[in-house]
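What follows is subunit A paired twice: with subunit B in the first complex and subunit C in the second.
Let's look at the complex of A and B:
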């Protein structure tokens, strides 16, 4: 039991958090899907009879079109009549559609969804006024699908959002896990992310023609951006190994240098855009290329690309860490660097490799960020290093090195992501929850420490000593 | 004996999550209250027409929907006023408001917008943290059919559709600041420092208005010109403004005026002047008209502020949302002209000590 608890402590915390937010966000849900449309059509026929005349008013969106289509097909099947389907760009269009009703041919029902019922023209008093103005024989009735209770947290769209929006943290955390397993640290990831995004954006805009850039131009721009970050990582690794500077200092310096470079490039580019006369502002470098945004905002089989990419990278990293000599070297270097060196592990190469990989993952995340915002942001990734390190540590990797699992980090990143999402869903009225969840992170880390550390054992032995007579100490292992 | 440890840890965890539950139980209760009134209105809506009127009346009190508001930063009192006024105004009209603090980060803000979409809010209000990079997030809201309103700061991404914008006419405010500077420096002119914050386009507009007036004044004069000797980053913050001013006083000892793009950086500049003992030599023009800025004007620490009206911005934004939902016409872009506020105004201001 102890093993189970300590190995999967972070998973337990993850599930607890999910459960907690499900309870807190338990609220009314308003369906707008095909099934809701069909049952709405059935209830209209049930209220007004088969000969009823219906006006469908929805918004001009993909989901609403499906909903409206379902209503009209079902109404047609049951013999009802659809007068018109209005795809309103704004509530004002709904009002216009309703004013087209004539007294000779009064309307019985208006079908819409919950969002539609919040529009002024569909409110009961407005409809009544309209009926008097147009001297209709009766007021048309507004029908909308029944709502049901369900946690907003546990909706498909929210869960996809949580993981898609934090894919960059999760991906950098892979590299960070490896660095921390070697008993190092990398504070430069957030700045490298920004540098990569800005360089990619400028490359695509300036050298590959922006809007007209071909696919290869875009890929080359991204590769250069991510590649420069990988080089930054290599430099970190060389400084740590060859020059024996502590990783904390090296990467802190790199953090400042990379952020500065990202800002310089962005400002110079803006200044270049405005003709060179004025100084630029550190705003995002806009990428005009149409398809570029699809990398982060697109989806495959209904799952957003960033999530798929994250899972793929985690799988590859897991294989690397468990089934290859490189993985064993990384653990060995972190466990005891001197022993590893004496056993013939190429310590320097291994360290340079992990820092390079960490930089490359930061670069990749930068490209993803640029794609998500359709522009390279020099201010991107601020304080990411802390969130990434938190994800890694919560996932059970020891900051002392030599220990940690890749999938543990995935769970850790999930915990960080869910905490953030939960705080956002409830608005700022809940600052005190940050305290609670800070403590929860601490608890997660504590459970993971159970499996190896002696302080936890000692701490929990104390009350036993108070209960039992002191002489029993020998019998405890 | 081993089990004892796990019981302890378990208790610890329960305690923690229990805390969490406790702190949010009030939220849950208010949520419940809101939803129950929604269902009440919906049920009555489905009834006959006679009871429909009652339903509409109760609906107008509590069930008009939720508005998501992603604030640029709640650390700046200016945006706090917008958030508070918007919340109060929305509650009067039967909306509930979900306020999120974007902390100046467009990444956080985009997450807020995604959240609003999955929570299916009625309308979104935001102060864009980056006028370009927020575009894709707004586009997603457009695709989901949820109207987006901007307040104070504008979004310039071309394909993002904004239902309405309310802001300050920052260029006009900058011109007022320039006129005030020309007035306070008088015939002699002199060296002037600008405490800039280039990240915000609103501040760029303010400085543009300011320099345009300064240049026009200089063209009329043969001597006693106003020289903008430096544009330093004041960060829009007290400490950054203080340090920048302290450095500038060393580099330009003959400085006679400072234009700071908001009140915090103006107050930081004032602090630096006092430390250098130059508060009588250098006059400050601020911007914003936050309460501490107004107080400083009354005390003679700042010469004048073009003041903005954050409360009016929130009220107008809320009116626009209501008009949008009601299908009425409204101004898509509404810029409020600031007003120059000097010591004479401050002496009559009842809010000040």
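Let's look at the complex of A and C:
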């Protein structure tokens, strides 16, 4: 039982959180997806018969277009008629469309969704008034998909959204887990993310012609952006190993340098856009390339690309940590650096490798960020280092080094993402969320200590420890 | 009558009287029924081999350990020392080999650390300064109270430690090998200080390996052996030879399964190894099929020599050849790839990654054979380990059991297994049997024989003289960073001979 708790405790917490938010967000759902559209069409035919005439009124959004399309396709299949599909930018457009109905050609049904029924022109009394004005034989009936009770949290689209939006945190957390297992830390990831995004964007825009850039140009731009971050990580690693500077200090410096560089490049680009006349401002470097956004915003088999990429990288990292010498060395260096060195582990190379990998993952996340927002944002990734470290710690990796699991970090990142999502849904402000996350990190660290189950023992031992000479190992000699 | 304190003491009541002190650690009886008397104004030398229990005894006096049994009287009053605070209250100060100074602070700040003189929360520096000057006058040595401790020489730091002891009005000062890091001139100065303290009625317990110093400064000598009190006698009745005999005492028993070895030509040849003050020009060679014991006192530079050969520390100069080929060893990885391995003395800190499983530790130096293409073959690793586990009779519950949960003997066997799998040509054992019970010791000795039979070159560092005499084909004795002597005829050699070479 104790082992179960310590090994899968975070999974349990994850599931409990999911359950909690499912209960809390239990509310009326108003579906507007394709399936809802189809069943709506079927109920229209069932009410009015096959020859019925339907006016579809939806908003002018991507999701509503899908919804409307499903209604009209299904109606056509069942032999019904679609008079018109209105993509209303405002309720007024709906009113206008209704006024086009003539007494000679009466309308049986209006198909819309729950949001549509709230519009003025579609209210029952307004429709009745309209029918009198236009002297229609009968009032058209408004159909909309039935509402049902379901947790807002537990919808496919919400879950996908949560994970998609936190994919960058999760990916960087892979590198951070390895760094922390070697008993190090990397504070520079957030800044490296921004640097990578800005460099990639500028590369694509200036060197490979923006809109006209070919696929290879875009890829090259991204590789250079991510590659420079990997080099930044390498530099971190060299400073930590060769120069023996504490990782905290090295990566703190890198964090400031990288953020500064990202801003400098962005400002310089704006100045270039304005012909060099003005100084420029630290705005995002907009990418005009058409297909670039597809990297982060596209999906495969109905699952957003960032999620697929995250899962793939986690799988690879897990294999690296469990089945290759590199993984074994990473644990050994963190567990006992001297013993590892005396066993022939190339300690320096291992450390440089993990920092490089961490930088490379930050770079990759930067490219993803640039793709998602279709521009390199010099202010992206602020305070990401802390969120990433939180994910790693919550995932059960010990900051003392030597212990930790890659998939633990994935669960940790999931916990952080879900809590944030839940807090957003409950309307908790960002600044209030910071208090929650701070407490969460503390709780995770405490659980980590409890897991070692010597807490009570240590509290008991404390007085003795104060009496003993500090810093002296007990030997028999 | 107290005839030993040469009339300095004005009372027959000893300053410190310990009776029947017994202390055991898991698996080891460190002290058995030890008694000690220390009088005011005398220097009592505490002698014994490595592991005889000297350190345990002074740690009990200093409050670092509590005895399991035994009584203690200070000035005739029964007392209990439960911690360093009690020791200080009773006027006992211990000056350990590693000093207890905050090197970033000045001498004066160190002297009053934890007992700062203040008024209204502000330091009374002038008063402290006056006291510090008075202390150094009392010792008869001038040290600048404003100097930072890290800028002082070892000898000066020692004086600061002594001053610290006097500052808390110590009546008993325990010195643990105070001369180990001092030059002869500095030792003379230290002796002058000690004589000064003696004259002021302070009792001094002087722990040392250097018999010459005992004859010069001590009034009485107390010898421990294997945790037992052998004898306490006035130095005037003793000779160097009699002290060594008291220290070594026992005769060799049949605990060593030594087999006659067929020794070939030289395999490992190290020439003129040097590193700082610990290894000053060491040359040695180990032959095919030979077990070479490297012995000497703690701090003589044995482990440091091994670390140079293994690349764990960078050598300042010197060369290492294996089978006639010159090796370039910049780090342990180079040494391991060349066919040299080192089983460190400190298994917990250097031999194993305690948080990892047994099999993960086992595989660590053998990744090249288990994962030739970057993919660990768990099957190959498991099979290899199971073979060693069977042969060495390691007791583990699962292959992934954390190394820290194993007993000392089993830990040592896991370390052995991982290096045996490596199949090195030169194997350096640093105290291979320390902290291991008798049965496991025997198995390790047999393994040494077996490896020698295979034609490997074995360098065994040991502090246990019976072990060196019982298992080695040749013995080198180190003293103060140099090879001080060689014993080729091991069969007829005695422990006295080795001790002779190990001390001055």
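Following the convention adopted for this analysis, the second predicted complex is superposed on the first by the 370 of 477 C-alpha atoms of A that agree within 3 Å, B and C clash if a C-alpha of one lies under 4 Å from a C-alpha of the other, contacts with A are read in each partner's own complex, and residues count from 1 in each chain.
Methods note: contacts are C-beta pairs under 8 Å (C-beta built on N, C-alpha and C of every residue); 3 or more make two chains touch, one makes a residue touch a chain.
What you see is a predicted model, and the numbers here were worked out from it, not measured in a lab.
Put simply, more of the residues of subunit A are touched by B, taking subunit B and subunit C as the two choices.
In the superposed model, A:344 makes contact with subunit C only, not with subunit B.
In the superposition on chain A, A:403 makes contact with subunit C only, while subunit B stays out of contact range. Of the two partner chains placed by superposition, only subunit C is touched by A:336; subunit B is not.
With both structures placed on the common chain, the touch criterion links A:48 to neither subunit B nor subunit C. Once the two complexes are overlaid on the shared chain, A:323 sits against subunit C while remaining clear of subunit B.
Residue overlap on subunit A between the subunit B contacts of one complex and the subunit C contacts of the other covers 476.
Residues of subunit C that touch subunit A in their complex: 25, 28, 30, 50-51, 55-56, 62-65, 82-85, 96, 98, 100, 298, 310, 312, 331-333, 336-337, 342, 344, 349-356, 360, 363-365, 367, 370-371, 374-376, 378, 418, 435.
Residues 323-326, 328-329, 331-332, 335-336, 338-346, 402-403, 467-469, 472, 474-477 of subunit A are the ones that touch subunit C when the two sit in their complex. Residues 1-6, 8-9, 12-13, 16-17, 19-21, 23-24, 27-28, 31, 35, 38-39, 42, 45-46, 49, 52-53, 55-56, 59, 64-65, 74, 98-101, 105-107, 110-112, 114-115, 117-120, 122, 130-137, 140, 143-147, 157, 163, 198-199, 201, 204, 322, 324-329 of subunit B are the ones that touch subunit A when the two sit in their complex.
Partner subunit B is touched in their complex by these residues of subunit A: 1-2, 5, 13, 16, 20, 23-24, 26-28, 30, 59-64, 90-96, 114-115, 117-121, 123-126, 128, 138-139, 141-144, 147, 152, 155, 157-158, 161, 165, 279, 281-284, 286, 293, 297, 369, 372-375, 377, 379-382, 420-421, 424-430, 432-433, 436-437, 439-440, 443, 446-447, 450, 456-457, 460, 463-464, 476.
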